[in-house]
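Here come two complexes built around subunit A, the first alongside subunit B, the second alongside subunit C.
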Partner chain A sequence: MSLIRTSRPSRTSSPSRKRRVEPVFYAFLLPTVLAFTLAITVPALMGITLSFTDSVGFGEFKFIGLTNYIAAFSDPAILKAYGFTIGFALVTVVLVNVVSFFLALGLTEKIRAKVALRAVFVLPMVISGIVIAYVFNFLFSNSLPDFATAIGLKPLETSMLANPDLAWLALVLVTAWQAVPATLLIYIAGILSIPADVYEAAALDGATAWRKLASITIPLAAGYIVINVIMGFKGFMNAYDVIVGLTGGGPGTSTTSVAMSIFNGFGSGDYSYQMANATIFFLIAIVIALLQLRATHGKTTF
Partner chain B sequence: MSIQTLRKPSTTARPIGRGTSSRPRRNRTQFTRWALTIVLALCSLTVLVPLYVTVCMAFKTTGQAVDGNAFSLPGPWSLDGFVQAWTLTNFPRSFAVSVGVAALSVAGTIILSALAAFAISRNWDRRLFRYSFFYLLAAMFLPFPVVALSQVSLSGMVHLDNPIGVAILHIMFQLSFSVMLFTAFLRSIPTELEESARIDGASTGQVFWRLIFPLLAPMSATVGIFAFLASWNDYMMPALIVSNPALQTLPVLQQMFQTQFSNNYNVSFASYLMAMAPSIIVYLFAQRWVMSGLTQGAIK
Partner chain C sequence: MVLAVQSSGQRRVSRRSFLLAAGALGAGFALDGCAPAQSSTAATEITFYVSKPEVIGYFDRVIEQFHKSQDAVRVVRDSTSSMSADFVRNQPPDLGCWNYNFAVAEFVKHGALSDLSDMAEAKSINPKLWPLVDQTAQYPGRTSAIPYSVMAASVIYNKDVFAKHGLSVPTTRSQLVKICQTLQDANIAPFYNTIKDTWTVGQGMFDYSVGGMVDVPRFFSALGSEGTSLNAGSAASFQKDFKAPMDRMLQLAAFANKDAASRGYADGNLAFAQGKAAMYMQGPWALNEIAKTAPALKLGTFPLPVTDDPADLKVRVNVDLALWIPEASRKKDAARQFLSFLMRPDINDKYNADNNGFGVRKDAPPASNPALAGMQKYYDDGAFYLGASQLIPASIPVSNYAQSIALGSAPDALLKTLDADWARLALRNV
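Entry: the complex of A and B
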């Protein structure tokens, strides 16, 4: 919205009467843009270029066209990593948004100790992912099995992290633990932005709490839901720290994410092959970004 | 006066109308208020219990730490874990490295993005500045794994495979979000202020440092805190970029407890606690800006 507003003067002012830009403004901006180009754009272009070669990360290489891409699309390990990552991101995004939304509803009601409760719920956001993953690693591999044995819950008597069918669930829980605060804060802001008189009118009409939720809160917070879902999905696709701290991608390769498979390419010699993987990953990120732009544009116009 | 007389009947009418039913309804709202508070407090245990376990484990003796019960209070309270963790992670040095990286990253992010945002917002009619804004913003959509491997080889080539290189990359990845926040904020500052300063003979540089930068202070606090959290808690980048293990940051060093000293739980948890504590302390002092920054970022 702000972008549209500020781009308008440029259209109205005639191009022939352009004022002179003070040189100092170039000095303010261009060094940063240059550093950004060297640190981010150049590596990105380098990676994309190398994905069409047989480079091992150093030394000579030759261009081999789309060979790496064709190989990547028929590599069960990479396909499995994509399957796992997308599935993981979807489950986590649903869990995080449902939990955050209900917490936000509670935290915007009239409750006791509101400030303290909000502060506690936001706390996970400031803790390092890898460190808290190590803490949960201990809980999942020691405390939880002891507890399960005590109450006779068979499937959890061995560590969840060593169980190929359950390890992903541990990752979802810890990732959600860390991701809820950011989502929650956005929902709180969204719910608080709904004018109180809408609720008052509904109360006069005798609407129940559920009816208010379904007919007022959710529709009016829809824009925030879209932002949270897309931003969350984008973030969870990059999952790395928590996986390193909990399962290391195992057992076997059952929890190896795309980010992890790309990083593993660094040591194992298939550098250019993993760069092709990274480029595919980038294309997926661009698709998500375009979805986000469309979604947020839709939100600002209504 | 007339408004008061108009209002008076309604304000007096309300209590009368409610009179008979107000007591039970008030009790009910009191009840739901308390019930909701209790439910939320129970939910908050999911956050507090892992932290409680961390603190308890950190203060146990090695003997008590391996006995299995993670939830028991330390008895006796022991500082052995901290003493050992301190030497194992070479805490003074690794702490200094982490603080250095975070400080450089915070200062660099605030100054570079404030300058860039100032230039962009005051020259929005020029294509170069407008496109630069979108160019910097585009990095928000770039996943780090995509550029990581090339950055590792490039930083090695230019001898930045050290904490300084990590800080530079942290700044670069933080630019999008920060320039966006600053630009949005600068648009809300009327240009009349600057114009009057210019009439008084101030140069653009002076306008920025004396007028704009102080005005940006609340936004700088938000930008700075997010830069600090991103930098302090980062694992991926230092793990990949820093080639000399002696110059590694605190979070990355914690991986040593997964292998070598895996049974001295009190030592590892003491070390985790020392790695977590600084960001928790910063958060406790700066909550306001953490909360406002995130929502501003989402709405803009």
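Entry: the complex of A and C
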């Protein structure tokens, strides 16, 4: 927070006094701008251009106008992938934020073994997504059905991953398990930055714990909630590795995400078509980001 | 030596190997890698891609042998999954040894692979195999790839379990169903199915059921001429022609391990090796995996009977490895030299014997693994088909659809989706 907060005054105050910005600041920006241009902007522009062609990724191609876009909008597989991805991202972002916020509340109180507990909760962050997916794949396919059979829980006796109606839930749970630590760390930092005297004053006025949470913690941590929700949503929209490792987009096509369908086009001769899909996905992501920024405008301190 | 002189100026470290070297081991290794370039030996260096990780050891030994046999060509073996990316960058390998399926199809169709028809090796190939190559992909007037190894897949069965229950290999559907009932009554799972891994469903029960009663090449050529107008009323359609095979597939799915929905390929190999089922719809690649757990297990193979006519019995094949040289290669002659070496009968036959492949040359010996003997007759007679799941473009997730059907979704709806997907694909590929 402190980093972000201090950036504001320096930006608003310095240009008004001084005309010229130290050239060294441009030098600081240069490596990132170069990397961004070469690794993101140029390929993105190439991809967008190719989406109007019939290219298979190499060799000759010709421009075919909007054909790919028209085909994409009438493709139930693509529409289904969007439906799944957006629904998945919404549920996951809510779950992750609720869980990590309350975990952060607990971990900032004066409880025993606080440091050890924090370390435990942050552990999933250092394991790669595909490894997590394979471990959970085993749990969902073997341990959970065995457990369900033992206690006589009928619906879970077959793997959740094999059930088209439940597979998405398994993905949400695993993705949340993996995503909670990063969110949790931001919340811990946010909650710790709230001045203690505010709470003292509230305590003197006889505020209940619930009242403190609703009137102090949540409003003062609002900026962190916004950051976590935006970053989380954006990240979950790109879900890929956990899904590949857990369901491979199945059963059937019930958990195929947009990122998966785009990537699959690369090796299957559907290159330009999936580039069109990627372009649509990009536009949707921009719209969502703008909506979120607008909705939260003025509620944040940065 | 002419070769070497021609290409000495073109010698360069590829971008990939450079990045790999620099990234993985630092400058020391990179310098090391460049060292031969500065030496005076004027050998041509070619890159050789192998798609199967499990056979890298074999090819490394062949490369060593090749280096000992001559000085003009040096082979650098690379195994990567980003072949498409290298074609996109116009830096494909000089020689590819790749699974001949949809992954290569686009390169063939767009003429990215050079013509090999003038090579003696192309003429030595069993002529029954060329239709398989052309069906996957072809470029007019070219021999774009030379088959190296063919895999034939069918039902693997546990000979001991069959013997214990007095069962013999079925040649008709009714016999198969009777066998299943006998086994089920004896509390043995007739089939071990691994529905969790979509590809096992696609290559197994789906392809076998289709190939056992549909004339696959004719069906797909009829489908191709339907194009965008494909629907239930067309002369050929998934809805019409695949309906019966799907019903038969479901009939067999009922004779399987109860937890099939949550089992994957590795689970299947283990369970089958432990004798938990009598039959397993997998290809020869599973034999080595099963042998890891039970090396002495007596296994046999037979084509899945889908109809009551033994004349319909066929095995599913795929061109597991084929050799090709990209047009973009600037060292085609050197690549051809290594290709000829790889195709030498002793080297080619040893590969197939070691890896449960079937021979590709007219004079190739029969498959050496006794477990494959049950398929030899069909292979020799040309009673084989390419799996339907491999002929449907990869952008249509047919194995996922097959998985849905195996898990209980109505086949009609999914076959209708298949028809619609096919028509849509034809629309944007006009």
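The criterion applied here is as follows: the second predicted complex is superposed on the first by the 248 of 302 C-alpha atoms of A that agree within 3 Å, B and C clash if a C-alpha of one lies under 4 Å from a C-alpha of the other, contacts with A are read in each partner's own complex, and residues count from 1 in each chain.
Here is the rule we use: a residue touches a chain if its C-beta (ideal position, glycine included) is under 8 Å from a C-beta of that chain, and two chains touch if they have at least 3 such contacts.
A quick note: this is a predicted structure, and the numbers were derived from the prediction, not measured.
Colleague: For A:237, using the defined touch cut-off, is the partner it touches subunit B, subunit C, both, or neither? Pick first, second, both or neither.
Modeller: first
Colleague: Applying the touch criterion given at the start, work out whether A:134 contacts subunit B, subunit C, both or neither, answering first, second, both or neither.
Modeller: So A:134 only meets subunit B here.
Colleague: Output check: A:250 vs subunit B and subunit C. Expected answer is one of first, second, both, neither. What do you get?
Modeller: Touch status of A:250: second partner only.
Colleague: Please indicate which partner A:111 is in contact with in the superposed arrangement: first for subunit B, second for subunit C, both, or neither.
Modeller: In the superposition, A:111 touches subunit B alone.
Colleague: Is A:265 touching anything from subunit B or subunit C once the two structures are fitted on A? First, second, both or neither.
Modeller: In the superposed model, A:265 contacts both subunit B and subunit C.
Colleague: Per the contact definition in the header, classify A:24: touching subunit B only (first), subunit C only (second), both, or neither.
Modeller: It touches subunit B, and subunit C stays clear.
Colleague: Output check: A:87 vs subunit B and subunit C. Expected answer is one of first, second, both, neither. What do you get?
Modeller: A:87 contacts neither subunit B nor subunit C.
Colleague: Go through the superposed model and pick first if A:155 touches only subunit B, second if only subunit C, both, or neither.
Modeller: Neither subunit B nor subunit C is touched by A:155.
Colleague: If we overlay the two complexes on their shared chain A, which of subunit B and subunit C does A:58 touch? Say first, second, both or neither.
Modeller: Both partners, subunit B and subunit C.
Colleague: If you tally the residues of subunit A touched by each partner, is the higher count for subunit B or for subunit C?
Modeller: The larger set of subunit A residues in touch belongs to B.
Colleague: Going by the contact definition given at the top, which residues of subunit A touch subunit B in one complex and subunit C in the other?
Modeller: Common interface on subunit A, subunit B vs subunit C: 57-58, 142, 265-266.
Colleague: In the complex of these two chains, what residues of subunit A are touching subunit B?
Modeller: Residues 2, 6-7, 9-10, 13, 18, 21-22, 24-26, 28-29, 31-33, 35-36, 39-40, 42-44, 46-47, 50, 57-58, 103, 106-107, 109-113, 117-132, 134-139, 142-143, 146, 177, 182, 185-186, 188-189, 224, 227, 231, 234, 237-238, 240-241, 244, 258-259, 262-263, 265-266, 271, 274-275, 278-279, 281-282, 285-286, 288-289, 292.
Colleague: Hey, which residues of subunit C end up touching subunit A in the complex?
Modeller: 84, 87-88, 90, 102-103, 105-107, 109-112, 195-198, 259, 261-264, 267, 393-395, 397, 400-401, 403-404, 407, 409, 414, 417, 420-421, 424, 427-430
Colleague: Please give the residue numbers of subunit A that touch subunit C in the complex, ascending.
Modeller: 54, 56-60, 67-68, 71, 74-77, 140-142, 145, 158-159, 161-162, 164, 248-253, 256, 264-270, 273
Colleague: Mind pulling up the subunit B residues that touch subunit A in the complex?
Modeller: Of all residues in subunit B, those touching subunit A are 29, 33-34, 36-37, 39-41, 43-44, 46-48, 50-51, 53-54, 57, 68-71, 112-113, 115-116, 118-120, 122-126, 129-130, 132, 135-136, 139-154, 168-169, 172-173, 175, 184, 187, 203-205, 208, 229, 232-236, 240, 251-252, 254-255, 257-258, 265, 268-269, 272, 275-276, 279-280, 282-284, 287, 290-291, 294-295, 298-300.
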